[in-house]
Amino acid sequence: MSDDVVSDIQRQYLVDLADKGRRFDDRGLDEYRDVSIETDVINQAEGSAHVRLGGTEVYCGVKMEMGDPYSDSPNQGVITTTAERNQMASPDFEGGPPRGPSVEVSRVIDRGIRESDAVPLESLCIEPGEKCWVVYLDVHCVDFDGNLFDAGSLGLLAALMTAQIPNHRHDLGEPEPLEIRSQPIMTTAVKIGDEILFDPTDLEEKVSSPRISVSTDEHGRIRAAQKSLAGGFQPEEIQETIRRSRRKAEELRSNVLETVKK
Amino acid sequence: MAKADAPDLLNHEGLRIAERDPVNDEYTYGRGKDELRPIEIEAGVLNRADGSAYLEWGENKVLAATYGPRECHPRRDQDPAEAVVRVTYNMAPFSVSDRTRPGPSRRDREIGKVTSEALEPAVLTQLYPGAAIDVFIEIIEAEAGTRCAGLTAASVSMADAGIPMKGLVTSCAAGKIEDDVVLDLSREEDFHGEADLPIAVVPKTGDVVLLQMDGDLSADEFDEAIDKAYEACYDIHDLQKQALVDRYQGSATNGGNR
Amino acid sequence: MSDDVVSDIQRQYLVDLADKGRRFDDRGLDEYRDVSIETDVINQAEGSAHVRLGGTEVYCGVKMEMGDPYSDSPNQGVITTTAERNQMASPDFEGGPPRGPSVEVSRVIDRGIRESDAVPLESLCIEPGEKCWVVYLDVHCVDFDGNLFDAGSLGLLAALMTAQIPNHRHDLGEPEPLEIRSQPIMTTAVKIGDEILFDPTDLEEKVSSPRISVSTDEHGRIRAAQKSLAGGFQPEEIQETIRRSRRKAEELRSNVLETVKK
Amino acid sequence: MAKADAPDLLNHEGLRIAERDPVNDEYTYGRGKDELRPIEIEAGVLNRADGSAYLEWGENKVLAATYGPRECHPRRDQDPAEAVVRVTYNMAPFSVSDRTRPGPSRRDREIGKVTSEALEPAVLTQLYPGAAIDVFIEIIEAEAGTRCAGLTAASVSMADAGIPMKGLVTSCAAGKIEDDVVLDLSREEDFHGEADLPIAVVPKTGDVVLLQMDGDLSADEFDEAIDKAYEACYDIHDLQKQALVDRYQGSATNGGNR
Amino acid sequence: MAKADAPDLLNHEGLRIAERDPVNDEYTYGRGKDELRPIEIEAGVLNRADGSAYLEWGENKVLAATYGPRECHPRRDQDPAEAVVRVTYNMAPFSVSDRTRPGPSRRDREIGKVTSEALEPAVLTQLYPGAAIDVFIEIIEAEAGTRCAGLTAASVSMADAGIPMKGLVTSCAAGKIEDDVVLDLSREEDFHGEADLPIAVVPKTGDVVLLQMDGDLSADEFDEAIDKAYEACYDIHDLQKQALVDRYQGSATNGGNR
Amino acid sequence: MSDDVVSDIQRQYLVDLADKGRRFDDRGLDEYRDVSIETDVINQAEGSAHVRLGGTEVYCGVKMEMGDPYSDSPNQGVITTTAERNQMASPDFEGGPPRGPSVEVSRVIDRGIRESDAVPLESLCIEPGEKCWVVYLDVHCVDFDGNLFDAGSLGLLAALMTAQIPNHRHDLGEPEPLEIRSQPIMTTAVKIGDEILFDPTDLEEKVSSPRISVSTDEHGRIRAAQKSLAGGFQPEEIQETIRRSRRKAEELRSNVLETVKK
């Protein structure tokens, strides 16, 4: 499937399957592909994770440097999120400066973490108005078969949960874990025909279907959402999807995130 | 998102800020929870574009222009099966409190992408295989809800350009302030509020074609916010249609609103 | 007229008309199209103007931020002018980084204001060598039918004349008007056939004709000039055009600029 | 533009600065008001270019090279009816007092544009529809008047490349110092003077094809400046022609000037 | 390149640093002068690429992917006579001690260029005129010798993609520490050592297809370094071949190393 | 030779010549083209040189500005090297941002100077941790017929050897010469057929031959090397080339560099 365009026959096939509650890889509509997370895979990073979500594979890194707080938030540190659609990962990914899809994935993953206050910005203050931690969150996708939003979000959360503040590098004492105030889980679904399917593959994302990503915290509260790609949802479909998203997030939280060592 | 030094966003009667006196930093209350800021739309305001619209929404001032269907450059953007809808969303450097550098920011490019994905479902793209429909949204002045204002204007500009569509696309946001779900956040409400949820709807089909949200909502609040914004889209849809009627019945005086 | 290239027939038609002292829109050779200026249209800006010059329409904004003076001019503030040829305004305008024509219009408008000392840079000094006002002048063209030079220059001057220094935002006291030392008016003409026509439309600018823009202050002194586009002028044509430019500038000054509230 | 700490630009005899001793910051006077700085031009100085020229003008050192007529890439630059003349004007990083970043600046791009518009009228572009004539101007060392020097060299390089032209294009500036209109400003005069007015002329037709001006001139001073610069262009035109004659009569020793 | 505060790079037995305790800043010695750091290679680790490889070499972690032969965009890169081999070499932002900005740096682009020139001689490029073979090297974690690791992995990924080649390309470096020529510098040795000389070899033909060097070497030391690195390439070549055998005999468990 | 691609016939012709120990321009295999160096050609630069190497011509400039030392090397100045492949110099050179070949030539010339410690970075320290000299080395190629590496390296060395530190511009006293600790000479060769040819022309660099550049200091020590372009060398060819490179460097040193006035 090295082509950006999916044929009508492929689309119809996926729609027909969905009508019967089935998918081309025999998963259930709500079923995620196999997920594995390994943390502390990169010694050079303060925190890191290697995530496989079916055929999608990402490395996530947390780097922390000392920097200047913004003048309008002297008591806060800074978080910057970048998600790269490396050309290695798919024949569809382009080189050159980031275009819409790359910018979107960076910003949506960023909002999922920022809006849930996963890392409280005040906890990154070193000296008010003078020095703070600048935290770089990088998602590096090396193999792509859809649903980069969930793989990247999960990997960054795992990397954050296992990150160590490098106090020793700046004569600030021993390394210590980052404060994690909340653990948002993003779950993504597409609509094919009249059905909602979770954890879409690249092919499922390409069949002109609308997609919705929802970030839920451990209290079941919605912290971020994004509809993207073609087409639309009826409002009741969205409300139903939100409820299923919250359940899936809870599942991922207990099945996958619990394996991440604190 | 609650921040220190916030003004009261709701007064004792449950009314919202209607106006702010910048000199004395005092607020006048009066807007209801389900009440939109004032909206005015005018179609066909530009000479060169194939279609255009001007929209004021609260203190937002937005222009939208449509060119096309026309040849698609560069070729890598072409789709042999249908027309592509390309949206450039841009903030004028003087549109916001801190001057921005000319040219689309990363935020602008994300909004351009989701806006094009919201407009495309309403367009009969298969009529113009290989062509481009180029939509330009310029935010002349920004308050809050610029993406909703831009999208709503863009859709009118496409209709004004005669692009064949299933229907107009309409956009509106709901949000949460002081634990209440309310319609159409203003600048202060956006800044001090707890959540913002902009959506876009194709009123003809009922499809939600844009949805973004950040903040903190329970599932019930999320539902309530969708419902409020969804309903408001139908009201705004009437304003869009009226702007097009006025345009073609000549009752609008060109430049009347501006 | 969505094409950059104008046919020989169109060119010949315009030349024939000009020979008879006429133009395709029935204006006189020295006649400007309708001009309207509205100021204070953008609350977020320190000064602003909305200009319509025939079918050309621009928004102009003045923004002021506190910044550092250049080390070689510690007693002066900084002015930066940008004129955007937004793709919205014409099918001929290209996206991407600014090419020659966009760079030229920015720089010519900038020189018109800077060389006439319209805003004395010393008046922008806050604390010598430490703090100064950085003034951003932005011309945002949304509809284009030629003569962006004059529309943009006029709009910026009107925006400057009505701008308020935001002292209150930096605890420097009450807002106060910018000091305006001179009021340069730019007038632009093209040569079609053997005739000089003022305030050219897009079509008139495209017929391989040379163009000349002249900036005149209220004392009738020339502060900036620029010949551009194809072809050339005989020296006596230039000298004659300069004199007509000064008259037109005086007219615009009394008819248009006087409507701008101080 | 008058600035503090300016040296006397004219001495008591009305003569201009001819030289500056950088160590003692002392000036020697001797140049007349209508006198050009020394100019030397050599044609055909580069191997790879289809045509080239080297020019020294005061302390300006300029190279110009012409390639073409050749295929026009990218295609959007093509004109099906005639050749396009594209000029890249660039300052070497070490050419000015404060090192500049490699690659054309905004100033360079403006000068490239107006230079191409000055050269094109002299070229029989309709002979090569769809083609490109690419001219590269490199300022190796800059004093003042680099655009005039670059344009004058560029025209010689085009002739050296055999581009069919109605005539050469020649450029020179006049300016105002201490209330006097004088020819061809030097560095100190440009910095401390009151106005600068560079023009370019096609001596064969008498057309002024480039004109820029900034500063402060009365209408009469403006006329006087044009006249002075215009007349000087005819003198410089002789130097251009001589350089081409030398080139083709072999009397120039390659590298003689450099 | 000798710097202050360097640890002893060789202990009294002439052994090299094998490990560093980052907390106590203490070093364990044990590696011989001609001993490589541990290397593990796995072929066929990615789903989307036509061929891929994962390689660990000391603390270096590298992925390589090959796409092609495929259509060559943009056209100016095309060679009508043969396939072009294009290499993109990139460091992940978190791969090094100070976070790097996403996207290839100038160093990355130089390494990409010389790597493509090292790989191309081994490819039967004339079989695919006009096509592109695109190789992507991502440095997930960097120690020292990343260009050798990347090139060695890239060659395996090309074989895994079925690109017809004269043979694999193998890369290794030698260097100088404390006046001794040694094989395969580690991070501390690279930082405090006196020279580094990475090469790449096509073991089938014996050709050296990449060579870079900086530091300070006598002619004899240069020869010795080349010899050491050259010989080691043949050992690493065996590991490359074994990775491909494992891949096609299915003895590798996908993801085993990672 | 305005085309990047060289025909098989041309290649075979060069190989046949090389087999007989000859070259198309009648040079010996180890013979350099005429070299001339002129220094102090640019008054605006602290040091400068104009080099002709056969048909290749470059201007080299040294500019020195006062700047901040890097925080991890407070006692050192900064050197930055840029080599431009100006479009003027060859029809093969492209505009736009630098691609691989331009980046490579900058970096290889830079390493030749940096790795040999030609200008000791500590000698550029003005005030430790506070102020240092930032030295910009620019190679500006205006005519290209191959072997830009050697022409640029030689020109920069000559420019450095004649450069004057502009102390007077910063009230630090009189101008004084830069400290030059070593004088690295780069020599470049290509392999055509089975022969090694020094100082290749553009045509010789294009015939799919491998190239090797070696930088040697005045003690005959190798300070930098780079193989580039297509194809490869047998190890004994490299070792032999290194020895010939050292001899050529010594020749250039006494014949050419000695003419540069100190």
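First chain written, first letter: the chains are A, B, C, D, E and F, and each begins at residue 1.
We adopt the following convention: a residue touches a chain if its C-beta (ideal position, glycine included) is under 8 Å from a C-beta of that chain, and two chains touch if they have at least 3 such contacts.
Since we're looking at a predicted model, the values are computed, not measured.
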- Message: Return the chains shared as contacts by chain D and chain F, ordered by label.
- Response: none
- Query: If you walk touching chains, what's the least steps from chain D to chain E?
  - Reply: 2
- Message: Give me the step distance from chain A to chain F, shortest route via touching chains only.
- Response: 2
- Message: If I average the CA coordinates per chain, which chain comes out farthest from chain D?
- Response: A
- Message: Can you tell me which chain lies farthest from chain C, using the average of the Cα atoms as each chain's centre?
- Response: E
- Task: Could you tell me the distance, in whole angstrom, between the mean C-alpha positions of chain C and chain D?
- Result: 27
- Which whole number of Å gives the spacing of the CA centres of chain B and chain F? 57
- Task: With chain centres taken as the means of their Cα atoms, state the distance from chain C to chain F in Å.
- Result: 48
- Approximately how many whole Å separate the CA-defined centres of chain B and chain C? 31
- Looking at which chains touch, is this a line, ring, star, complete or other? ring
- Message: With touching defined as stated, please give the ring order of all chains, chain C first and chain D second.
- Response: C, D, F, E, A, B
- Query: For chain A, which residues count as touching chain E in their complex?
  - Reply: 38, 41-45, 48, 50, 52, 55, 57, 59, 61-63, 65, 82, 84, 86-91, 95, 136, 138, 140, 142-145
- Message: With touch defined as at the start, can you tell me which chain D residues reach chain F in the complex?
- Response: 46-49, 59, 61, 63, 65, 67, 70, 88, 90, 92-99, 102, 134, 136, 138, 140-142, 255, 258
- Task: Could you pull out which chain D residues touch chain C in their complex?
- Result: 1, 79-81, 106-107, 109-110, 112-114, 117-118, 120-121, 197, 201-202, 205-219, 222-223, 226-227, 230
- Message: Give the list of chain A residues in touch with chain B in this complex.
- Response: 5, 98-101, 103-104, 106-107, 111, 114-116, 210, 212, 220-235, 238-239, 242-243, 246
